[in-house]
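Would you mind keeping the following structure in view while I ask a few things?
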Amino acid sequence: MKKIEAIIKPFKLDEVKDALVEIGIGGMTITEVKGFGQQKGKTEIYRATEYVIDFLPKIKIETVVKDSEVEKVVETILKSAQTGKVGDGKIFIYNVEETVRIRTGEKGESAI
Amino acid sequence: MKTFRGGIDMLKKAGLGFLLLTGSAFADTTPKLNHGDTAWMLVASSFVMLMTLPGLAFFYGGMAKKKDLLNTIALSFMAYAITSVIWVLYAYSLAFGKDVHGIIGNLQYLFMNGVTPNSLHPSTTVPEFIYCGFQLTFAAITVALASGSIIERLKFSAWLVIVPLWITLIYVPIAHWVWGNGWLSQLGALDFAGGTVVHINAGVAGLAGALVLGKRKNTQLIPNNVAYTILGAGLLWFGWFGFNAGSELAADGIASSAWLATNTATAMAAIAWMITEWMLHGKPTTLGMASGAIAGLVAITPASGYVNVIGSIVIGIVAGVVPVFTVSWLKPKLGYDDSLDAFGVHGVAGFLGAILTGVFADPSINPAGKGLLYGNPHQVVIQLIAAMSTMTYSFVMSLIIFKVVDIFMGIRVKEEDEIEGLDSVAHGETAYN
Amino acid sequence: MKTFRGGIDMLKKAGLGFLLLTGSAFADTTPKLNHGDTAWMLVASSFVMLMTLPGLAFFYGGMAKKKDLLNTIALSFMAYAITSVIWVLYAYSLAFGKDVHGIIGNLQYLFMNGVTPNSLHPSTTVPEFIYCGFQLTFAAITVALASGSIIERLKFSAWLVIVPLWITLIYVPIAHWVWGNGWLSQLGALDFAGGTVVHINAGVAGLAGALVLGKRKNTQLIPNNVAYTILGAGLLWFGWFGFNAGSELAADGIASSAWLATNTATAMAAIAWMITEWMLHGKPTTLGMASGAIAGLVAITPASGYVNVIGSIVIGIVAGVVPVFTVSWLKPKLGYDDSLDAFGVHGVAGFLGAILTGVFADPSINPAGKGLLYGNPHQVVIQLIAAMSTMTYSFVMSLIIFKVVDIFMGIRVKEEDEIEGLDSVAHGETAYN
Amino acid sequence: MKTFRGGIDMLKKAGLGFLLLTGSAFADTTPKLNHGDTAWMLVASSFVMLMTLPGLAFFYGGMAKKKDLLNTIALSFMAYAITSVIWVLYAYSLAFGKDVHGIIGNLQYLFMNGVTPNSLHPSTTVPEFIYCGFQLTFAAITVALASGSIIERLKFSAWLVIVPLWITLIYVPIAHWVWGNGWLSQLGALDFAGGTVVHINAGVAGLAGALVLGKRKNTQLIPNNVAYTILGAGLLWFGWFGFNAGSELAADGIASSAWLATNTATAMAAIAWMITEWMLHGKPTTLGMASGAIAGLVAITPASGYVNVIGSIVIGIVAGVVPVFTVSWLKPKLGYDDSLDAFGVHGVAGFLGAILTGVFADPSINPAGKGLLYGNPHQVVIQLIAAMSTMTYSFVMSLIIFKVVDIFMGIRVKEEDEIEGLDSVAHGETAYN
Amino acid sequence: MKKIEAIIKPFKLDEVKDALVEIGIGGMTITEVKGFGQQKGKTEIYRATEYVIDFLPKIKIETVVKDSEVEKVVETILKSAQTGKVGDGKIFIYNVEETVRIRTGEKGESAI
Amino acid sequence: MKKIEAIIKPFKLDEVKDALVEIGIGGMTITEVKGFGQQKGKTEIYRATEYVIDFLPKIKIETVVKDSEVEKVVETILKSAQTGKVGDGKIFIYNVEETVRIRTGEKGESAI
């Protein structure tokens, strides 16, 4: 099993979620995070003074999938999250050693 | 606020229509309690109370960093509470008791001694009790305003000592000079609702505090909740009708004119600040609108009962434009850390308003005030003298108070506490859970 | 608001008790300034100011998406500020200056020319200045109300152009027709505090704007802070006492009756909306309570000084039930995107209130109004004419204004800006940090 | 609130100045409508409305857990709305209709029958309509206050049944006894603005509810937004001027004195609570300042029109210190779950205030009240009787109401709903999105 | 060392934390997240219109433990977080290559 | 590629970020989390009653870097985040199997 972790632009969340559901992803967990990267921070103005905000709002999507599904999921995220502009985000893939469904205690791929 | 203006005035307030009818029968010229005026003063005093809590507390609180929100609110809260208590004990008497050499009032009203529900404030048609209450709310907001310059690093316990000292040694004498038949009122200075006594005074006191305290580690303005600031600004605008129109001490035509002048200047200043910021930084900000509104309210304060709507509009424009530069250009240039610009907005707009009152006072609005434009250039000089002497006295005395308190108990929190945030360190609380 | 109703009325306001006593001695029928009435109008005007800022700003702001909160507030803020300035410059004069052919006022009050603190508003006991201020707050909230239909996609700069155009070309004539001795007031239309002038008007203007702008990308209602909406609703309810009871222009029995009718209808409508929603969707929502209260306030507005408590209760029920269907059934069915239901709630409840005023006006409450139930079915016809003509004029003219501004400068933001949120894009700010 | 005090009083209110002048000509002693007093009552009623919504709703809402914020607000909202409707239907009549055996009023005012804008409330100078409105706001806030003890576990539908029962069976008779010429007013009990009728009553009712409901699963106080609580406290303080000074039913010297006494006690209590907490737990909290202010407001309520400033200060100190112990020591010791301390703060401070009124009532402030310190120890006994009988009646009857409603429909939510939070379960909403 | 990541229902947090402390877990980090899975979203009603909220509030608990403790920790979470109803959440286990305690610079198992 | 995850004290964020940027780190993602560990919770006082708050605010910084940079990054975080007092936090290192840049679809180290 692999964990696919995608950092995306917040307004893309609905699109990505719908796309993942469509290919049959059964679950995911999302977190509001802030990102720093090549995308320049934005400027805010308070009392006629400009401040650069380095960290921009991003959404982290985490979904654990079977090894066989990794490619499809990555493709789907790529397609649905891309705007082509800097700051679109990243996908990171990690190995998951074990998964347990709390409700039933099931383990392994069937627990996903 | 009106000082004694002779019998005619009171008669007018006692009900002109009445007078005309009973004319000859009217022998006794002692003013009588007027229920309409008293109703208005009960309301106006409540309005000004609201200005400090929650008005100013939220206006300032919204601009504070999230970790300092409650502490910022607490400074206004305790400013109001402490002033309330010492005011009825002795401060009211020192400010509005019988004049002693033009400098201070006597102790006739100590503990509100001898005042009953039947006592009217001299030369008004309203009870002494509500006049005292009305004045109380002015004193309280003045010291609360000053806190804007010094948040995010001030020791809370020090504030509890500074407030009574500052009210007693600075606010009380200045209020006496201007409104308690003191030397500035003899001079003929025009200050309808407290441009000098409240705003210049608070602004320079804040600056003095900021200088003694030094800069915060992080001087960036990171408003934790801009909506709170707008809520506060809205409540301040609302309450300010009590502040300005209430200063007429009667529900009459001049109060109505002050209401309209206040609204006009405020609206204009909000627009002016917004446009200025837009031109300088490419965007019209909502914090700018709120800041402009407050600057307008401050600047129209001394002028509100004297100027016509054209005067109000000009005052609004000046008040909306100039402070943009004091807060964004002068402050970084000179390097003082006036956290929420009590000086940059209140001090500066208060000063501008004081001078412009001398320019725009229109005798057809209020015979008591005649400005430069109506052939009395001398008024501008008087206004300058009043403004400068208040500034000097308040600044020097405030420096002394902050310094002395610093020597005795320290006024700045430890660096790690400043970083952790004063809500948690000083109060053991978190604003949002 | 009262238009001229002959001398008797003013006499009553000048103090009935007084009259009875001095009866014969009373020769001069010119109304005199009444301090009690003036106190009430100073307060009522302040109350209505509070309705827009922070009242409506928070009511609407709380329902906006988090990324559009400040922009939504800014629309109300600038509606109030811009209206305030143009009102004293020329709009008040056009609305309330001497009638010209039943269509518009003349320019006698340009820049408040010739008005002094001694000027009373004709046939009232209160100064012209505060009457002007009171009317100002009505104009300002009307255009602010309309913004509810068009948030989350409107270009901010376009709003700054639309506001003065809309006030000048739409609000001013309608206010003149109904309250400035214009043709609708000749006709005998009853509109105590502005059901037609304010609410129907704002509602259809909002609808016109929504139609010109088109739908948002995401039309879902995702209130960023329901508590803000309730705060706003509470402040609106409070301020509305000034709006309705203030429209009597005197602190008397009819004002008292209007106070009670307002409170009764509002409470009833909050309950009625809650129950309706409960039956339809299984849960009583707090946003529904707040929405119902506002619908009740809107519907009782034209009726407030005319109906008894039973009338108020019926009006409250109707106002609490009908708009539930316009917002949840009609809106999706017809497909317009009335973001915060300025049309669905204000327009609809305003219309219902206007008609029901013609049904329930009880001459024992106010001799000036006699409805269907008291034997005057004709009144309903007059109310319909007034409502329909206002709707038509306002809708057509609003369409034109929105269209023309669209052609010259564009009124809708770019799609990516709509998605990113207007706080950041239009103002460079974030509400919560 | 004043009950009948003979003609002199009304004459005073009708305008003393007037009287002196027209002296002999004044034959008719029927009080006339006074526009100043009416203006004040229109405002005061609005102020007290604001106390419940948004005042109390936010004061309580801020202290609730995040998941229960809207539900907590909804309890106050519906308390106000339901009371508003039943009040004009029948409750006002039962409380203030002609006295029947000292126990209850008759049905003369059913549906406000026979009341017109010309009707004045007996022995006052203000219209019956606004007197009814003013009283309405008192009834509403009383039941809303009680909700503080029972939040975070009460079934919403049960509340909608409890409110009208409680108003009808408990509030109405007690209000009649004390203010409607009932047996407690015959006894000579002093309760200027409702210490007994409102605060003791609400406090013990809340306690009864908490006992019937039992403890929450998580009894910890986790304020979701301390700033909201301070906002609510500020609005309550502001509105309370209408509550206390409005209870004079006239804009006069006693109202002014009540204003100042209210402010003084409140400020003192805020300071006293803060210091007490500081000494006990090492930190001065902002929630403590707000709690202290409310305790002060409660305690000064019955005394406000009777005591001088020194009396106010002492009452403030007692009110700021004692409840700290009831909420932090007595409550855990006895083990009841008074969620937001409606009993611990309102009940206790209300009781203290009732007794201390009997001690500090100063006849030079108000001839109608003479306390222990002025040679009338008997007054303390009367105060005790009034307080104890109210407590007993309210507590027993409240227990019965809560129990009976529990039997018929259940008053406590399911455990899983309590855990999930009532906003979502009862209303289908989330406060912050 | 392994990282045990549990997504649980928010109101179970206290119970799980207490259970973990009881078996001697020295530290953990929690994050407020939103979850999507078999559990149906909830319905909210605004202005008489029902909206389905797909993402439900969940709590993510992360705790890094010695290899030998993994089983015990998983058991403990299972027991304390279970309600038996859909939406109870998942446990994911990852390998941790290294741990450093910032205060001391210690590395490896002793840094946990 | 490795993911370096550091749990630090919130007020150290700016310092750590600046230090990481200085050594050439191109991107990072931060999350507001709450931590439980040896550091004693803090006490809050509401209505004269003291409550101990077990979970303290912390910031989680995640940055994915090339294997060769791991040591330097760890050193940098250690230096900039340390106060020497209990609660300074931890650094955890995980293996990352793949990285994809959403904007371009690039994979591997060049996507970081």
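Letters A, B, C, D, E and F mark the chains as written, and numbering starts fresh at 1 in each.
Throughout what follows, a contact is a pair of C-beta atoms (placed from the backbone, for glycine too) under 8 Å apart; a residue touches a chain by one contact, two chains touch by 3 or more.
The shown structure was predicted, so the numbers you read here are calculated from the model rather than taken from an experiment.
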item	value
Labels of chains that are neighbours to chain A and to chain E	C, F
Joint neighbours of chain D and chain B, given as chain labels	C, F
Interface residue overlap between copies chain A and chain F, same or different (over half shared)	different
Length of the line joining the C-alpha centres of chain A and chain C, rounded to whole Å	47
Averaged-CA centre spacing for the pair chain F and chain A, given as whole angstrom	18
Rounded Å distance between chain A and chain D, as computed from the means of their C-alpha atoms	53
CA centroid of chain B to CA centroid of chain C, Å	32
Multi-chain contact residues (two or more partners), chain D	18, 22, 34-37, 39-40, 43, 222-223, 225, 231, 281, 283, 285, 287, 427-430
Residues of chain F engaged with two or more neighbouring chains	31, 45-46, 94-95
Chain-level touch network, classified as line, ring, star, complete or other	other
Every chain pair in contact, whichever chains are involved	A-B, A-C, A-E, A-F, B-C, B-D, B-F, C-D, C-E, D-E, D-F, E-F
Complex contacts: residues of chain B adjacent to chain A	63, 220-223, 276-277, 280-281, 283, 285, 287-288, 291, 324, 327-328, 332, 341
Touching residues (chain side chain A, partner chain C) in the complex	11, 42-46
Complex interface listing, chain B residues touching chain D	14, 18, 22, 25-26, 28, 32-43, 45-46, 49-50, 53-55, 57-58, 61, 69-71, 73-74, 77-78, 80-85, 88-89, 111-112, 116-119, 126-130, 132-133, 136, 156, 225, 228, 231, 426-433
Residue ranges of chain C touching chain D (in the complex, touch as defined)	13, 15-18, 20-22, 34-37, 39-40, 43, 47, 66, 222-227, 230-231, 233-235, 237-238, 241-242, 245, 250-257, 259-260, 263-264, 266-268, 270-271, 274, 281-287, 289-290, 293, 308-310, 313, 364-366
List of chain F residues in touch with chain A within their complex	3, 17, 26-31, 64, 94-103, 105, 111-112
